[in-house]
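Pasting the structures in now, so scroll down.
Both complexes shown next keep chain A, but they swap its partner, so chain B is in the first and chain C is in the second.
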Partner chain A sequence: MASRSLNQRSLAPWLFLAPGLAMFIVYVIWPIGESLLLSLYDWDGLYNREGEFTGRFVGLANFEELWSDPAFVTSLVNNVIWLALYLLAVPAGLLIAVFLNQSVRGIRLYKSLFFFPFVISQVVVGLIFSWFYAPNFGLFYMIIEWVTGQGVAILAEEKYVTYGIIAAGLWPQIAYVMILYLTGLNNVAPDQVEAARLDGAKGWRMLWYVILPQLRPATFIAVVVTVIGALRSFDLVSIMTTGGPFGSSRVLSFYMYEQALSEYGYRMGYGAAIAVVLFGIMMIFISGFIWKMWRDETER
Partner chain B sequence: MVRYARGAMALTAALLLSTAAVAQDKRILKYNADYDPIPLAAMEALIADFEAANPDVDVQLNNFDHEGYKTAIRNFLTADAPDLANWYAGNRMAPFVNAGQFMDVTDVWEANGLNEALASAKASMTIDGKQWGVPYTYYQWGIYFNRDAYKAAGLEAPDGGVTWEQFLANCEAFKAAGIDCLTTGSKALWPVAGIFDYLSLRTNGYEWHMDLTAGKVAWTDDSVKKVFAEFAKLQPYVTANHAAIDWQDAAALLVQGKAANYVMGNFAVGTFKEGGMTNDNLGFMVFPEITPGIPRAEEAPTDTIHIPAGAQNVDDAKKFLAFVASADAQTKLNAALGQLPTNKNSTVAADDPFISAGFESLSSAYALAQFFDRDAPAEMAKAGMEGFQEFMVKPENLDAILERLESVRQRVYQ
Partner chain C sequence: MFPRPIEQTAPAIQWMYKIALPAALILWLLPLIGVAVTSVRPASDLAQGNYFGIPSYLAFENYADVFRNTPMGRYILNSFIVTIPTVIGAVALSLMTGFALAVYNFRGNLILFFMFVAGNFVPFQILMVPVRDLTLNLGMYNSYHGLALFHIAFQTGFCTLFMRNFIKALPYELIEAARVEGVAEWRIFWFIVLPLMRPAIAALSVLVFTFIWNDFFWATVLTSSPEAQPITAGLSSLNGQWVSAWHLVSAGSILAALPPVLMFFLMQKHFIAGLTLGAVK
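== the complex of A and B ==
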């Protein structure tokens, strides 16, 4: 009897976890290890005729090269800009959610219209914005030309191109954050709002002291998905500029793809080194999030 | 269970019988390729001719998507090597040759007199003094122009070519008329490499250009600056915002007469004509001479077929290469492709002015370059093309660009 309950307590959880764990090890842990290892090699991705690995061990040379590589620095700086500006999606999404959180006739329709950009594929979003910015016939270009007399091709200007792509990325991201907050707002306790109202709270004070604290779980998720979304931005850069003009809109994930897998790349080791750096940056945020979740759970 | 096993055995036996019936008298030749629909039909016709001439060989063409092929070839050469595979000449094949994945086919060249018949393409098929494949088609680059745009600017169409001074003077006139003298769409980078290659070939010559792409010339050298000095003369007349548009968008500018000239490959003729241009208003000329007396070299990217080192049926694969290289097969294949045969004894359709002009231009050329991204190693090519694009947008950054390219050169060719 004792051994049976011991089995139930200690073995059963592991049995239930086993399928997930196996997947996680094969598809997450193992590739991470492979990438870490590969980042120490100089390899063009080819095996020789006997099927042997042809890479050359170079130690940390790939990482040393990264620091003197202007394209890497550009990508890193762009990633920081992405991260900072992408977080604007959180307040913007909250604003729209609060605005839409009312009972007017047909509000469901408006909500779904606001949610629409998130449903569209990133590739389509990229294409729409490329045309929007396109020189000579793009709407944005023509508006600028009409106002200032001189059109600006956002995607051909190294100064503006990253901001242009981020604007495209914010469009669906705001919609995503909005839907997170809308569901959060459904769960706001009406009695607390009522009580606050009796105490004379309204407007910003109501939002800041009464509503927002109740939305904390939604805010947390919104920040997490936005930070991760900013760090793995790839589709839009690839579709809208392929990193151009002259590499000024690259981000780390795109640069990694370029070096390792694109037509002019096949420097597997160098690409893996970029991936390792990106992984390191992501780990800072992810461990922060996990630490916070763990703390919340143990406190309660 | 027994029943299943018996069923499976019966099925296997039936399969074996049916394939045995075919395999009895035919040797299989596996061919991996990446043809678009029109070239695919042309190649299928060539294969049918080959099978008619060699009734005991069965060519199995396994066609890949064009972009996917570039990744797939890296796997199938090792994992499941076919007997024949498509690829490209010049430095593009170097990684596979150096990894021992392509077979030396020098004997095919010698046995079939290809050293003479394919003389113009031989240099680009040679690494370490041996030939590693056979070219079956190429196409010319040059300047395509819109005669209507020339008329609109009050200029004479440059049929037969102009001098470099005249070309630049025309550009000035186009600028006054509000027409882009030279258009390009450099979003995908490679179109600017065509412009640079020609300026380089015309300023310092073919040997120098080959030294540059082989990493033997420093990018900070004065001879490179000479090329960029000519580039700087052209730079103000190129379509603004070219970095934001694709080459097809720039083709539209040429079609609409908003641009006059376009440095392009012959494959663009189809796009120009779809846009409404005809042989009457679309013209072709070779890139003008810059430094007098330098032998005229041209760009002619070459498509090739190779035998992987792991091929099973090498004898028939070599027969196939010899067949593809023959004058008659190339004449027929390229007529269907709308491109140029690499065999100098082949003939081209006289009724297509661009094909005949290209054949004339290439067969009388002193030497042929492949294209910047095929002559230079991949990493140098990418950095170079980004540098050219940056120069065309911000010519004042020249020194920084050249220093960056030089540091890439020192790493890539070490």
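== the complex of A and C ==
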């Protein structure tokens, strides 16, 4: 009897895991391996009549080509700009959360409405901001024209286009960070705040020395989702500019898509090489998160 | 409470706060308000340059136009047909994986758990070519199930993280007591753990619904025509045809935004509970 239940207990987890794990391996883990391999090939995505793979092994040639490809360099630089500016969502979200963390009448509705942009699809956010920036009648264009006497068509200017798209991306991202911090602020220990207040702490010093240390879990998640969000940016670029003008607003995720699946021809291997670079960059951050989670798990 | 409750401050500050609150909100939602107003602005207003004034009348015909002249109805239906099975599939699979990873101590448990977590963060592009190829080879390109199957598999990563942590927080004594009574493992899952999972199931369902409804990348990679395209991909191709017919673009945008927004307002508590999991210790 005892051995039967023990047996059952060693088999059970694998039976419970099987369907989910199988799906995840087929659609996520295995494709990662395939892409890594594919980045060493030159392949147009086709099979010959016998159904055989027609790719040609080229070693690291795809990666060598990347470094002399100006479009790749532009995309990489834009990704760095995205990452740096996207992180502004963390302090901005904290600011709004502190502003809204009150209990006046109707505040719950205010909080929900401030959170609104996050619920909306990025496609819609992109369209909304395209309209906002539209030359001659867009609200933003008109405001700039009114202030400086000269309107700026943000999405048509190589100098500004990436910043314009990032601003659109920050809108929902700040809302997300805000909700994380609102939840965090809700759980700040009141006795510590009161004690600090009696010691004369207030304002910025209170926030920095008493509140922020208690918000650390919220900050960690906010940074994780913001970094991932910045590097994943695809929808907004695709909707607002399709990488233009003259490819100046491309990011790696979008350039990869262009190379592998659009009019540039079906350069699957080269596309995979771009994806591998992006994957490598993201793995640096992912390993960091996992390492921290691992430490928390094994400490317990 | 931080910051100091506004009721304890000087009356002047309280007044300022009462004014600042709606002002900040309007400023924050300005682009959205603009689009919402444009969606009911008659085309004639736009032609005459009335972009910001009061619309000369409420042109709900813009919405009727969108439905009549484009496959918008079909796109919306497609989105539901892809999204709902994905929610059910991902939640069902992750209930099981989460249970396995939370309750059993076996070799490789943590490694598998972190594989799910890490997989959930990878860039979509590293999966794109093989997943598209696989879908094509299985004859599922440009179909509902082709798109839904991928979504179920990918969402299982995030959902497993969520479910595992939720089950881990349940009192373990419940399970031990049942084992002492000789209850079979699958009965423990079904009769003891599952009934306690209701809040987690609700939270994940609204979150996954929103994620999948809003997905654009996989919709463009795995579908190509109005027979299977969900609304995000549909809206993007309509945007190309509607070159600056902003009253139509706006109406389409509002339609695409509506279901997740309704979902959020109806299930707000669950939505936020799901999103902020782990934001507090």
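Structure notes:
FYI, the second predicted complex is superposed on the first by the 270 of 300 C-alpha atoms of A that agree within 3 Å, B and C clash if a C-alpha of one lies under 4 Å from a C-alpha of the other, contacts with A are read in each partner's own complex, and residues count from 1 in each chain.
Rule of thumb we're sticking to: a contact is a pair of C-beta atoms (placed from the backbone, for glycine too) under 8 Å apart; a residue touches a chain by one contact, two chains touch by 3 or more.
Only a predicted model underlies this, so the values are computations on that prediction, with no experimental measurement involved.
In the superposed model, A:223 makes contact with neither chain B nor chain C. By the touch criterion stated above, A:134 is placed in contact with chain B and with chain C alike. Of the two partner chains, chain B is the only one touched by A:244; chain C is not. Of the two partner chains, chain B is the only one that A:49 touches; chain C does not reach it. Of the two partner chains, chain C is the only one that A:101 touches; chain B does not reach it.
Residue contacts after overlaying the shared chain place A:201 against neither chain B nor chain C.
Of the two partner chains, neither chain B nor chain C is touched by A:144. Of the two partners chain B and chain C, more residues of chain A are touched by C. Note: residues 45, 134, 261 of chain A belong to the chain B contact set and to the chain C contact set alike, using the contact criterion stated above.
Across the interface of their complex, chain B is touched by residues 44-49, 51, 54, 65, 70, 133-136, 153-156, 158, 241-242, 244-247, 258, 261, 263-267 of chain A. Those residues of chain B lying in contact with chain A across their complex are 70-71, 74, 77-79, 95-96, 99-101, 186-189, 240-245, 309-310, 373, 378-379, 381-382, 386-387, 389-390, 393, 404, 411. Of all residues in chain C, only 1-7, 17-18, 21, 24-25, 28-32, 34-35, 38, 49, 51-52, 93-94, 96-97, 99-101, 103-104, 106, 109-110, 112, 114-119, 121-134, 149-150, 152-154, 156-157, 160, 179, 182, 184-186, 189, 210, 213-214, 216-217, 220-221, 232, 235-236, 239, 244, 246, 249-250, 253, 256-257, 260-261, 263-265, 268, 272, 275-276, 278-281 touch chain A in the complex they form.
Contact residues of chain A toward chain C in the complex are 5, 8-10, 12-14, 16-17, 19-21, 23-24, 26-32, 34-35, 38, 45, 98-99, 101-104, 110, 112-117, 119-124, 127-129, 131-132, 134, 137, 139, 142, 171, 176, 179-181, 183-188, 190, 193, 197, 202, 206-207, 210-211, 217-218, 221, 228, 231-232, 234-235, 238-239, 252-253, 256-257, 260-261, 268, 271-272, 274-276, 278-279, 282, 285-286, 289-290, 293-294, 297-298.
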